[in-house]
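The structure that follows is given in the form of structure tokens.
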């Protein structure tokens, strides 16, 4: 595929490669991934006539070896444009989300332990924490079981999230995908998803969590999103 | 707001900014916070005619980016006096505690996992550990459900702690707040709160914890507070 | 024992000592071992007429003190050929695997917490996660109880794994052994074993994990092994 | 107290101060302590006519601030001989163990999470792991409830351990104490105590751990102690 970019578009892509590379270290820092099992992408909006592209982790490369130059650039169909490695095998799912949710600028996928455990039993993470009201505006929903290889995962993510306040979905038997206005926001959502999954797991073992009235959740969410910006 | 401070007061405030900044790294070190979800403040007692002020974390800044200069200074109503960022959105709660508990010199708030799980089910952390007798003098109590935005959280903290030995309160569905004679003591209480929450969670899963007679708890508490000073 | 090697064989052995030494730090990094309780080995296939040898951790040396030069070289009966220390006390089990499974190039043993807990109750780790389908092709099986000191452990590993897709076996009351095409692949399997053990533990506490149909597991496994190579 | 030591005794004490200081960092490394809640001591056997002394952590000093010079030296009654700080408040218990168990050269006390949870419910950690057979020779027993301030804790430790193979005792409602031929061995026992407590906790949640026949435990213990030396 031959693509030409203006200097401004090329610079925006290079900036995204640096950011996406650095954000992978946050997945390690917050304990969200083991070995190579997680990936971050960011949309670069087209300028000077270019189409949008996405920057994502290369496939099968360990986190210690990641550099900005090793981040791959794909079009929004998931086709490789620039990169010495193949894109992450989850690229099709990321690309589908960018094609169908224009407001999304970043996507993250992990198999973080506690969130993935909720996904294995197919239960949403219930909202009994003010920090969940703030960040997720309610429970974190479960998406359908879907196999890798076509658009099934992407469709499951989009169908679950398009009518939800939550920036996170637990794909059944698989693990969480999170979205945000940029990659950093999606990484934050991934870190918070695991934290609330862990906290709610412990709470559910301790007894019956106390309900927070819906209007209080609405109030928390409205205030937080107003202060910190939409995800 | 225009405030003038004597050199001695200004120096005391700068010293507190250094200390409060450094103490945020302890929250990370002991695993008490994810992303930006925790804050430490310290009271600086007014000298040379100045009113007391509080030094607290700026809002929405990641822990890696914190510097002494980024710590903000507020009056005890929570109004910003000095700082390039807004104060933490929990400042009103900290300020309320300083106004109503004159012996308190430091306040810490986290969403640490196990303590927050007890808060989600509205159960106090029961005192079956000698280290709890030492540090907390009994169970760690639960405070009321309260929304951010007015003095409700501060009132709930003060009403729960004013007649308790415990330097920690679990605000229902929210998380722990801790107090101390200075910020370091409040951070220690936050670390110990999470540790005893985690230990008691495991104990409650293993079976029925053995009661410690009240007079033994009293003895542990009296000795420890005498040795290490009142919180 | 006197052995002579060609320069090429000697170089291959030195390369393996460097790799095996470095891979022990991955056991620490992913939280798989406490103190000295884990070991990694790699087969070096004989060239220029030499027999295969294995490179393994020395016995009772802490991880901080390991150097490539401290890695010991043994024949495939487990006899020491080169090394200032005794080989790991688990060497006989590693050697047995290499003698009986020619495709295996790396073996790892740990007592990682969650996998060892499944071993203590003698339950396989059930496959309710797409990442297990990918990496293990089904459940992680339990091997027999066997004492150290003869070939019992090695036999138990080989009998359990020879007809299984799984590169990991949980030896009853003992802990996991993993295999791979080289030591790095076996370390990856060890890290993934602990991760799926932890995730499935949490899932089993939360409720009934949802089954993944066998043909979906087959599909996941076929695709992943094709992309990333056989273990 | 005025004590004079030969150069050889003085050198042995300085060596112990370095070792005991460094071993405290192992408590942090293996996650055994929060804040200042753990301590390591080592006996220095008297030479050139001197009495035995013990080297122990100073009281209330954070782990980051520990230096060899800050380690305090006490006689075996627990009286301070050399040191700028008070000895750990647990010194009386350490000293009692050294006075009554001549083979013991190191003592460690922690409140490590899972071991302390077993102590809170007063249940021994049952031996369903080969690594427990190796290191502990059976279950880890529970000692009596005892308050700090006199010899009760020391007596409870000695009475529980003197007829046990285990180098660890869980003091009820309090936490583990471990012993060894030197401080390093006692620290290893403390790390292994927490690890087997955590593993057995998970196993007990998963189901009924499988029994290991007593003669197999005896065999594991005999072999391991022969290879690695008596604790």
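Should a chain be cited, it is by its letter among A, B, C and D, assigned in written order, with residues numbered from 1 in that chain.
Going forward, a contact is a pair of C-beta atoms (placed from the backbone, for glycine too) under 8 Å apart; a residue touches a chain by one contact, two chains touch by 3 or more.
Predicted model only: the values in this text are computed from it and were never measured.
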Shared numbers divided by all numbers used: is that above or below half for chain B and chain D, i.e. same or different? different
Angle of the C-alpha superposing rotation, chain A to chain C, to the nearest 5 degrees: 90
Let me have the rounded angstrom distance from the C-alpha centre of chain A over to the C-alpha centre of chain B, please. 32
Note: chain D sits from chain A at a C-alpha centroid distance in Å of 46
Which chain B residues sit where two or more other chains touch them? 201, 205
By the document's touch definition, which label belongs to this structure's chain graph: line, ring, star, complete, or other? ring
Between which chains does touch occur? A-B, A-C, B-D, C-D
Of all residues in chain D, which touch chain B in the complex? 34-35, 37, 59-60, 89, 111, 113-114, 116-118, 120-123, 145, 147-149, 172-175, 201, 204-205
Chain D partner contacts - residues on chain B that touch it in the complex: 30, 128-131, 188, 191-192, 194-195, 198-203, 205-210, 212, 216, 219-220, 223, 227-228
